[in-house]
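Quick heads-up: structures coming right below.
One chain, subunit A, appears in both complexes that follow, with subunit B as partner in the first and subunit C in the second.
Presenting the complex of A and B:
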């Protein structure tokens, strides 16, 4: 068994078969000196579907990922600490009034990106959020129509075999989820009872892990290690669901390949990427470059690619690259039940209430949902020490009660603010690249939303019979923004097709393009937009407009 | 590497089983139907109605007992299915309620009574068998009550979620079906010599045919619910919600229609449904292999995978349907 972190695996015409221990599948390889149609930097929720669909439509594609190419069956340990190998833990500087804690909640460094360890929550935006400036009075409008997005959400859900409820209680009608929702665990039932006591609707959460066999994926066995890498392949991560399709369609994946700079030519167009692999810098020529590195690494790469022609970084004539960074509020209310709950069994977020995403009777902008929780012991210890200050004997006593713990955690919308941003620090990392400085402060609206959510979550938990409740007040998770899409080159970085206004063969396709972030987990929206972008690229190519 | 279709041994096993099913179906289709007393010609093409003239066989008390024994066999098949299935499922539920042992006892007794009845060619109802079958019928009713209570306690009540994952609403009815078929068998045996067999004053073939038809539809509902839960991820999962309803309709039509006629299509379809019960177990064996760890992890996957003993319920009902069809064909009552 080789070490996936020591040397690239996707070389010599083959790539790991994620479904077989020690297995390989054939992989097409492209020459560096000949320009491929597309280079895609990043293989996560945005890059994965895009690489796949571009390859399936006949384009030559090379997908780059700085992280390793895992075979979950042999590489993933049932160990919270060991699985830190999945996160992007390179050096960063975080500052601002509310510095973002970088790591497992908001990054991934592996083929498949953060979807390898995401919580699989696959939700659609509320339609109005695509026009939140015009319809709801905050943030910015997206240049996309929700009805078209509804279509692509459906495509993404089918591609990922989302297991969801037979009918979803919020928003416009949607097609039936491809697979049925999973059985709810004890924690999910407590959320349901709390929601019912509040008069809210609740639902089993649509999740990207299969409830019945799919291809070579077995159904979920409810180990509960989802956020530390699913070792059974039930989780429909990009690594399992899309990348194998991409390989079969003739795409090449380069693992342990860190792209450091995008090159532009005399005509101002991108000509290829400089990347570090197997101990040296290399250059891949390309006719198009797609950046899909998520809200930190995407602006970092665009800024690090500054040259004489583009001194402020690529695609940055608006000055907005790196700006309008958003995270999502991820506060929680925890407590204990008299009966055993065993909240670590199964996926962590088996039930949800989106009530406050759809109810506008509140005195702040944005929405939030909350979901059942099931932190594993080490994460739970950090919550107890961080939020309650427990230590020593007290901590030990509380941990003995682990199987009786229960809680709910929110995903809340934070508003875009130009001062929340990614810039470049002077320090450099192991590749010699300038590291990102991530500046973040919560606004008054963000704080009002969190206070509202904590109050409602607390009440619902108490009504459900939860005792000894306490609040975790400072957590955040998903990222968005930093290369927003829009309909005006002066106020956005890319257009509706994720194509940069400044450099027509440079694209951005990940959560960076979100003008607003909504009150739901972003991965499904990212993947839906990636599927749309692939279709748009094909249409543009057919018209000779690439 | 298969993102949408299984590969490797699983794909091979599905192909082999599908092939074996087709071969089994062909073998059944070619098998000569049991000829009524006055008609020794048999059709090799069972869906061709050859004999338009109503057959008028002599009243045959042996035929009545033979039908009764077939019903015992059908009741036993279902009882065996329930015994193993409830043992696995209630073990999975850790027998957290002591009453969960009841279906094991009841199904065991029903199985014993059925073995006894299948071997017994005497006329007249047997008291012990009658009691066992009545108890089985009751067990199913009480079990359904328990399962309804279990579902109603869950948040969401009678929602899809709870119908999928709480105690299965339709499962206890299977032991009732076993009891019902056995009970009908005993009533059949009670008919006096050389008279047209009746149950509660109605022609026996029609009563058994109708009840079996209803039982088939109930079982289809259960399979449909659980296969919906499995998202019909394998096209073969549509078989138990398409073939048995047609069998039930054909049998129901036969039970309500003109008696004393050959019904080759109905017979053929019922035989296929009987085959389907066993094939279903085969598919479920493959389904267990598709769970994490496959058969190496049998202790877990037998519990969590598709229930291997469940599909032969269809076999039991189809066998009962064939017994009813035999009575209908042999005894014109109009």
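Presenting the complex of A and C:
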């Protein structure tokens, strides 16, 4: 078996068949000297669907990813440590009052992006969040209409075969989920008990792992290693759900291909990308360049591409590239039960309550949801060391209670703030590129939201009969912002079509474009916007406006 | 310190449908990690080994976990975390400074090397680091609290809980691919999961655990 990190696999007219051990599928290849219609940098929640839909609509597309092209059936160990291979582990400097821990906490490096290790929670935004400035009084308005997004959410849910309930308890009507909801595990049941005791609704969580066979994907077998890569292909990551479609439609994927700089020509338009693959720098010509590298690498690339014409980086006339970085609060309440919970069985977040996303009777802005948890041993031990400062014999004894632990974890909305940002450090990485510096501090509103959530989660756990509860107060996850969309070039980087205001053939299509981040996990929204962007590009092309 | 899962050894499942080839390979590599340091000097490695022994003591009745060697391997292979606090140097340098800092504290408090101290004295120095109280030339401005909490402690426990000995001791099912789990509800155990012993049930539970 070859090492996925040693040399590219998608070469010589073929790419790995992720569904067959040792299998290959045909792949079209484009020449570097002829401009392709689209180069897309990043193949994750944003890049994956965009590459696919552009290719299916007849454009020539090359998707680049700095990470390897994994074969889940062969490359994925059932092990927390070995699966560090999925993460973006290159050096990044973090500072500010509340430095964000990166790596496995929020960034992937693989064909399929962070969706290869994401927890599969697939939620829609509350409609008002698309206009949170005008309707709710905080953040910024999106230039998108929620009713249009509702359609694209439906499309994304069908493409990803989301498993979920027949009726979802919050928000406007939505169609039933394509696949039936998964069975709940013990931890999910405890969340439900706690929610009912509080008078809140709860629901099985809509998840991107199939509850019945779909094509070459077998149903989920509840191994619980989802965050470390799904070795059975039940999980509908982009690697499994979209990229094979993209190849079939004639897109090319270049794995282990790090884009270091976007080139612009005399007319100020993007002309292609410099990328490092197989030991040397190369150049791919393109008529359009789409950046989809997520909220750290996207601004880093735009800033690293500064040149004489654009000394502050590309698409940055507003000065907002890298600014308004948002993470999500990810605090938790944990405790023990007499019962054997065995929370590692099944996907980690099988039930959810979005109560506080839809109830506005609170004295701060933004919302949050919380979900059942099932951390594996290493994650769990770092919760105990980080939250309780335990070590020594005490720690070992506490770990022996693993099968009796239970808990809930929030995903909370943090507000955009220009001072939370990505800049370039002077240090360089293995490619000779300046590494990002990530500066983050929580605001008063963020702290108020966290305090509210911790209090409610704690009460619900106690009412559900959980003992010895404690709070994990400092965790965050998910990223957004840094190239926000808007309707005014002075206060945003891209427009509603994800097209940059400054350079008409440069686009951004990933989590970076979020003006606000909402109180739910972001990927489904990223993918829905990518599907919309592909349709918009087609419409613009048909009108000769590309 | 009772054994909650008598007779449970996750390695017994190695040849069952709970372990696939890739997983067997990953765990074999881990079990055969060289015990001699390859990154740290023998002198610093001795300090690391002593500190790890206090941070996560070895179980009395199961195969020992080479925690320090696993941490040294992480440094040797340059396996990074994906971020670095601005107040911290790169991981190898952090260990060089922090471990020397422990030794300096041992010298100034007890006139001896850290590795040769009584466990209680070692604990005291580690606890001072946790509170951020250690300082001196060896640290070169690196906060001892950051080194303890975000470097040493995380690396040591991440190594220990990556080892089958730890999984057996805590009753964790371990690898689960391709066979996952079937019985999802509270208080339900699949036959290939660890059984927990309540007082008086040790013999039956031991039998169950020998048949996972």
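Heads up, the rule we're going with is that the second predicted complex is superposed on the first by the 546 of 546 C-alpha atoms of A that agree within 3 Å, B and C clash if a C-alpha of one lies under 4 Å from a C-alpha of the other, contacts with A are read in each partner's own complex, and residues count from 1 in each chain.
The working rule: a residue touches a chain if its C-beta (ideal position, glycine included) is under 8 Å from a C-beta of that chain, and two chains touch if they have at least 3 such contacts.
A quick note: this is a predicted structure, and the numbers were derived from the prediction, not measured.
K.L.:
After the overlay on subunit A, what do you see for subunit B versus subunit C, clash or fit?
P.N.:
Partners fit side by side after overlay.
K.L.:
State whether A:197 touches subunit B only (first), subunit C only (second), both chains, or neither.
P.N.:
A:197: touches no partner chain.
K.L.:
Could you look at A:189 and tell me whether it touches subunit B, subunit C, both or neither (first, second, both, neither)?
P.N.:
both
K.L.:
Is A:448 in contact with subunit B, with subunit C, with both, or with neither (first, second, both, neither)?
P.N.:
neither
K.L.:
Name the contact category of A:232: first (subunit B only), second (subunit C only), both, or neither.
P.N.:
both
K.L.:
Could you say whether A:107 touches subunit B, subunit C, both of them, or neither, answering first, second, both or neither?
P.N.:
second
K.L.:
Once the two structures are placed together by chain A, how many degrees is the angle at subunit A between subunit B and subunit C, based on Cα centres and rounded to a multiple of 10?
P.N.:
Here the answer is 90 degrees.
K.L.:
One more residue to check, A:393. First (subunit B), second (subunit C), both or neither?
P.N.:
Only subunit C is touched by A:393; subunit B is not.
K.L.:
What is the contact status of A:74 with respect to subunit B (first) and subunit C (second): first, second, both, or neither?
P.N.:
Touch status of A:74: second partner only.
K.L.:
Counting residues of subunit A touched by each partner, does subunit B or subunit C come out ahead?
P.N.:
With both complexes superposed on chain A, more residues of subunit A are touched by C.
K.L.:
With the two structures laid over each other on chain A, which partner does A:540 touch: subunit B (first), subunit C (second), both, or neither?
P.N.:
A:540: touches no partner chain.
K.L.:
Applying the document's definition of touch, where does A:180 land relative to subunit B and subunit C: first, second, both, or neither?
P.N.:
The answer is first: A:180 touches subunit B but not subunit C.
K.L.:
Please give the least Cα distance, whole angstrom, that subunit B and subunit C reach in the superposed model.
P.N.:
Minimum C-alpha separation, subunit B to subunit C, in the superposed model is 6 Å.
K.L.:
Mind sorting out which residues of subunit A both subunit B and subunit C touch, each in its own complex?
P.N.:
The answer is residues 183-184, 189, 221, 232 of subunit A.
K.L.:
Okay, in this complex, where on subunit A does subunit C touch?
P.N.:
By the definition above, subunit A touches subunit C via 74-82, 84, 87-95, 99-104, 107, 183-186, 189-190, 220-225, 231-232, 337, 339-342, 344-346, 376-378, 380-382, 385-386, 389, 391-393, 395-397, 399-400, 402-403, 437-438.
K.L.:
Across the complex, what residues on subunit A touch subunit B?
P.N.:
That would be residues 17-20, 23, 25, 165-167, 178-181, 183-184, 189, 192-193, 196, 202, 204, 211-219, 221, 232, 234, 240-242, 244-245, 247-248 of subunit A.
K.L.:
Within their complex, state which residues of subunit C touch subunit A.
P.N.:
1, 4, 18-23, 25-27, 30, 54-57, 59, 79-87, 90, 123, 126, 130, 149, 153-154, 157-158, 160-162, 166-167, 169-173, 175-189, 193-194, 196
K.L.:
State the interface residues of subunit B toward subunit A in the complex, per the touch definition above.
P.N.:
1-8, 10, 154-156, 160-161, 164-165, 228-231, 233-234, 287, 290-292, 300, 304
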